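Shared between the two complexes below is chain A, which pairs with chain B and chain C, respectively.
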Partner chain A sequence: MSRTTPATPSTTAAPDARGRRLPRQLHPVAWWIWALALATAVSRTNNPLLLFLVLAVLGFVVTARRTEAPWARGFRYYLWLALAVVAVRVVFRAVFATGTTPTDHFLFALPRIPTPDWYAGIRLGGPVSLEALLSAATDGLRLACMLCCIGAANTLANPKRALRVLPGALYELGVAVTVSLSVAPQLVQSVQRVHRARRLRAGRSKGLRALRGIVVPVLEDALERSLRLAAAMDSRGYGRAGTVTARSRRVTGVLMLSGMCGLCAGAYGLLDATAPAPLGFPALGAGALLCVAGLRLGGRRVTRTSYRPDPWRAAEWAVAGCGVVSAVVLFAGTGFDAADLNPSIYPLGWPALPPVPAAAILLAGAAGLAAPPPRAHRPAPVPDHHRTTRDRG
Partner chain B sequence: MGSPRTVRALARGAAALAVTAGALTATAAPASAAPQPIGTCTTSAGVVLAVDFSHWGGPVYRSCGTTPTTGFELLNQGGWRTTGTGHDGPAFICRIGYSGHQGGRQYPTSADEDCVLTPPATAYWSYWHADPGENRWEYSRLGAMAYRPKPGSVDLWIFGGTDIEGTEGRPSVTPDQLRARNTRPTGGSQPRPPAPRPADGGGQDQAARPPATRTPAATPPKKPEKPKQPEKTPAPTATPSASPSASASPSPSASVATAPKKTPTDGAKVVDAAPAAEAAHDPGSVWPVVATAALVLVLGGGAGYAARRRRRTE
Partner chain C sequence: MIVFEQVSVVYDGATEPVLQGVDLTVEEGELALVVGHTGVGKSTLLGAVNGLVPHFTGGTLYGRVTVDGRDTAAHPPRELADVVGVVGQDPLDGFVTDTVEEELAYAMEQLAVAPAVMRKRVEETLDLLGLADLRHRALYELSGGQQQRVAIGSVLTAHPRVLVLDEPTSALDPTAAEEVLSAVTRLVHDLGVTVLLAEHRLERVVQYADRVIHLPGGGRVESGVPAEVFRTSAIAPPVVELGRAAGWEPLPLSIRDARRSAAPLRERLRGAEVPAVRPPAERPRPVLLTARGVSVAYQGVPAVREVGLELRGGEVTALMGRNGSGKSSLLWALQGSGPRRAGRVRVVAGAEGGTADPRELPAAGARRLVGLVPQTPTDLLYRESVKEELEQADADAAVPGAESGGPSAREILDRLAPGIPDAIHPRDLSEGQKLALVLAVQLSAAPGVLLLDEPTRGLDYTAKAQLIGIVDALAAEGRAVVVSTHDVEFAARAADRVVVMAEGDIVADGPTSEVITASPVFAPQVAKVLAPLPYLTTGQVSAVLDGGGSA
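Presenting the complex of A and B:
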């Protein structure tokens, strides 16, 4: 049973008497910057060695620094998803044959489905070579690594506290997202509680009747909780328009809309090589400026103070910096041969491990050491207060 | 019901599969369509392959291969070697190299193009054909693995950008500058009998055929000795009857039916490329893999230690 609001953050990051750092939660934005930067670095390479290194780094950091909150137990699901991505990629490469070269290592042949002449571009079935499967697997592995990076951020960062850094204009949206994010864990808790209560009352019925016995109280619980939440939000002035005028609201809307259009056009201009030059960075910059202005103007409507804001200290700088450095190193391409990032599988050969990118990825792994240890799930048992191990389950 | 029988049937099927697989892997190696010296290609036999390296200051290389073949196989024999993209596999020609040019270095180099995703339409190897006796290029509507050049035709690869209208990025050399003009093989060296396999860039044709019929010596050479129409004039003047495809081609090339306006001399010089040995390929060393495995193990050990400590403090 994790509480929805974390306990008091420690007032200092100084080490305690035994030289260990006091546990605290890292700023969620630091974790997100770290993970997104690592995903950016991953997008640059196709080298299976580097990709496996990234996976190992993610595994290490998540294991070392995750909390016991409900959202912090999900990393293994991201790993399964990653495995599924690789498998789908390999199967598709085998079925939609991309052809084999004369020097390929032939593995097996799938029955070939003939396609008419006008459909000659796509071939179904046919010979499958080791090279084709390996290249599909590395391609899938890259996407899998990026997925795992996002998964690590979700696991490590507290989503509710992350939403608190949203600009004021998005405050209401943020609250809605927070509420919806906490639905699933709360439902699970509710089910567990009802289940335990039934067991204590020796409720032995099984099957459909047991289901009814659980579902009805859970729904009741959810309804009650949402009513309580609504009352709480109402009493705190949620949805209050403040002193804003209709005109300023309209200006905000226009600013935001044109800003978004600018961002879209800028992204299009950057990605399409044939687009006219002014459509690229200038449109993107103008769009970003308009959006910021709109958010600032809209933010005036909500005056809000934050209760115990997350501090941004040296550890946050270190974690975010570790990730950003790895991305910069892989993008700058200095100190190593860029070809090592994308080793060719045709013809088959062992990939090289370029030392500089590998060191950069290991540096990203140092975030696991730079971050303060997470707060233990429960306070450590004190001698005069005995708990049963069962209770801690 | 009848599960032992099912099991037995399955086992038999698996055994058959294993035998087939063994046979397939055993016969998967044999040679593809053969590279030939340039003199072997005539107006009606063999395919001339031309690759334009002028984008990097190189010449237009010209070599010859037997038919039947695919555009892909033609470009992967006699010292030629291509690289595909990580996204599309080997069928998308992303790099081309010839072992007699810059030591087999493939262009564009990895500094220019990483060949991970499909290259942009502004810088890629475009594929052009000229049928026998025809003096205009046609943009290939098929990929290199799907296209089967006709005997006596010319295949050209040029690097650059094209547009949808077909007005940009057309070859600067004409088919007549590249194609074989001799009606019978020249240059002394005896043409080898072509491999009998209708090459498809892959092994599915072998799968359909029992291995015993695959010995090259058993099948008579099909074509190279006699040019079929000795009375026909060598190609340079395109005979109108020979170009029916010029009329109704929906490809970008349809708009430009004449030879390019550039004078032939202002293109890069044409160099004959003899069949060469493969450029040496270094398979690399296994040590980086071992080092990575060690690093992963260390990180895994660290993770395991962290997990244990967490469990203890809980």
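Presenting the complex of A and C:
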């Protein structure tokens, strides 16, 4: 090797040239907290500028920090789904022609379809106004944004790995979900195979009979497969530690159910601004307490270890924090006019971009920088300096 | 290590016990090979080792099974997970997680092994089975052999003393099977794991076995050293059959042993005329199917490249090649149901010699020209009994407005596999019987060309011999038969002609004896032992020896 310039291998050849951090996978729960917090923040606003800002932030973080794993290829589909949501919303508003006022800017009129008397409440067709379409589009966009938040979480964190952090008491639930997740693609494959094979027999039956020709072999196949899976799991020690008494199981169930009810009521109270005040934090707190108690009780007798558990370090705090701060800022409503979050379309006007919420959403985007770079899917090629040192030596 | 004391197993609702009064001891570090026909209780015997029988399957087990001193009556399978590792036929069925590394750790997580130990054992197992490069890969992306090695690794991490493998290679091609079996033998030799292995392809494993457990039927079990058991057992690999025919002592179990004893036999056979495995054609065989430039591609990836093929009536063709070489795609394209990107297929339709392209016909017309039995024959079955299936087949095959002239599906089935009762559910048939039923369904349309996609998969020696008979009969009726298979012994006995595919191309096409003896790797065992003499089967050798004795 006749290199004249002194090479700086440690910076040029390292897999992550952007920083000194080692590539690793962020704790899946951190991504989920971040995404859910962002979705919560989105639920508060109707401002299209803010919503587009959220989409941009999601796009940035996903492209910066997703891996090459199979589940990480799905963000595109969530975007299509989001687009479909907006489109459906707008089309429905146009067809059902509701929510127009006489002062609206009318764009065009759809042919009016007469409806029977008992259906009088709903109009089909009629004039369509710009205001109606815009409000439908922003409504749809908000829903689409929330969908994309969930999509981002699914893309950034392996959903199955996220289930592994479930407390011991919920382990069985996690396994059931994991198994069903892997069965679904097999079922699709099975249906395709049987459908293809059907032509070979050229059955003349149509309709229900034909369906039976596909459903019966597929279901028989799935049933046999699940029995074999159950046998394999049993032989590999699944359920070995499941010696929970019936009584403690019942108590756990009651605690968990009532806890979940509390959580739901609390979440509703917090998210819906019109709900009575005591429904918010108190119900949420009580629900959380009950759930924790239930999980503790249920998990007490479970002895199971976890292979390479994901650590929870500064980066995890930072990512989760970024999301939570943006949600808190949008909920607290200090430092900006709350009306800016939901700009009125009467009269029509360009919405203003409130600086504080915008900054909060941009802060959520900082998660893309705070998270460590993902591990390369395939082993990185041998770094250059390895070879040079060996050649020299 | 494994002790069976007077074990009998009766399943609920069955009148006959599957196992009866079995006494069996497998010592530590032995590789015990379990042989027997389908349905004699091999799976029951293996399942009893880790308590799946009767804890999981139901039924009643009399007597006592102890493994490493633990009685399976008191220990359900999950409590034996640290002593017995079980690997099944299809690795994908047993996977719980989705990457290699997590799958290897799964059993240890259940056994609450400390995280540091787990990490170390996973690394060791990755090295032991040569999986280190695959550690982050998704399980479904792996090849069959890699998947099966992961399945073995995933039970090994729990450090079991006993490994139970129930036909671990039946779903694999020969290369993958070789990969798995060599991993297993390495475990026996390096780690001293006790292995209990059931396997149809005896020729691959018999030389490694320390003990053979033979299930002759009727619930009995015989156990002994391989050379003793194979002297009389009903099933034996070709090399053993050759040894029996030639009267070699001791009985050879490997090609190497046989070749060393074979010098006198080769000398004796040198001058003799080699009898044909299959009767030669009496009259010229008519071309029934002509394919020109057939190409198949899936999403731009070519599976079959410009293949030309002629199939003749009365001829049995074996289509060989590794997994993914385009065999199935070609068969489906010839039948007209699968995709075909380019090329033309003409099939003789009717007695007048007119031709048609099956793809351009409706499905019912296409199957009257070319019948295809897919890799999973049960995909075609959806009725509740054999009788219903056969009636459905007759109804489907009937040409509207025409008198039905051909034999009914029931008659065809009785000829292929006599004695299958009407009332039985198709799923309860043995693999060979299911194949016969699907064949009968497809033959009810009286196609001139019949394509069978890997029918030998999962068949034992008897079922294979039956299949050879069936294929023979079909060819004798003047049909063109194509059988895609990995099994070179089957091809040697059943096929007039062998076509070998690789990467979508036909790389060899010719008479069986020429193609499969061309390379030593590919040849059947008898050919390997007797090379350079062009013998393929034990039957040929016995014919010469018997004939030579009387003359």
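We adopt the following convention: the second predicted complex is superposed on the first by the 250 of 393 C-alpha atoms of A that agree within 3 Å, B and C clash if a C-alpha of one lies under 4 Å from a C-alpha of the other, contacts with A are read in each partner's own complex, and residues count from 1 in each chain.
The working rule: contacts are C-beta pairs under 8 Å (C-beta built on N, C-alpha and C of every residue); 3 or more make two chains touch, one makes a residue touch a chain.
Computed from a prediction, not measured in an experiment: that's the story for all the values here.
Trainee: When the two structures are overlaid on chain A, which partner does A:127 contact: first (chain B), second (chain C), both, or neither?
Mentor: first
Trainee: Check whether A:46 is in contact with chain B, with chain C, with both or with neither, and answer first, second, both or neither.
Mentor: Touch status of A:46: first partner only.
Trainee: So in the superposed three-chain picture, is A:351 touching just chain B, just chain C, both, or none of them (first/second/both/neither)?
Mentor: In the superposed model, A:351 contacts chain B only, not chain C.
Trainee: For A:304, is the partner it touches chain B (first), chain C (second), both, or none of the two (neither)?
Mentor: second
Trainee: Could you tell me if A:59 is touching chain B, chain C, both of them or neither one (first, second, both, neither)?
Mentor: Touch partner of A:59: chain B, not chain C.
Trainee: I'd like to know which partner A:259 touches here: chain B for first, chain C for second, both or neither.
Mentor: A:259 contacts neither chain B nor chain C.
Trainee: Which positions of chain A sit in both the chain B and the chain C interface?
Mentor: Correct list for chain A: 377-378.
Trainee: Under the stated contact criterion, what part of chain A meets chain C in this complex?
Mentor: Touching chain C: residues 69-70, 160, 175, 178-179, 182, 185-186, 193-194, 196-204, 212-214, 216-217, 220-221, 225, 228-241, 303-309, 375, 377-379 of chain A.
Trainee: Touching residues of chain A toward chain B in the complex: what are they?
Mentor: Listed in rising order, the residues of chain A that touch chain B are 46, 49, 52-53, 55-57, 59-60, 62-64, 68, 93, 97-104, 106-109, 112, 120-121, 123, 125-127, 131-132, 135, 138-139, 273-274, 337-339, 341-342, 344-353, 358, 362, 365, 368, 376-378, 380, 392.
Trainee: Residue numbers of chain B touching chain A in their complex, please.
Mentor: Touch residues, chain B against chain A: 21, 24-25, 28, 31-32, 72-73, 76-77, 82-84, 86-91, 110-111, 114-116, 120, 122, 142-143, 145-146, 201-204, 207, 281-286, 288-289, 291-292, 295-296, 299-300, 302-304, 306-307, 313-314.
Trainee: Which residues of chain C touch chain A once you look at their complex with the stated criterion?
Mentor: 50, 52, 55-56, 76-82, 84-86, 88, 90, 92-98, 101-102, 105-115, 118-119, 122, 133, 136, 138, 140, 154-155, 158, 332, 335, 337-338, 362-364, 366-367, 371-374, 376, 378-382, 392-393, 395-396, 427, 441-442, 445
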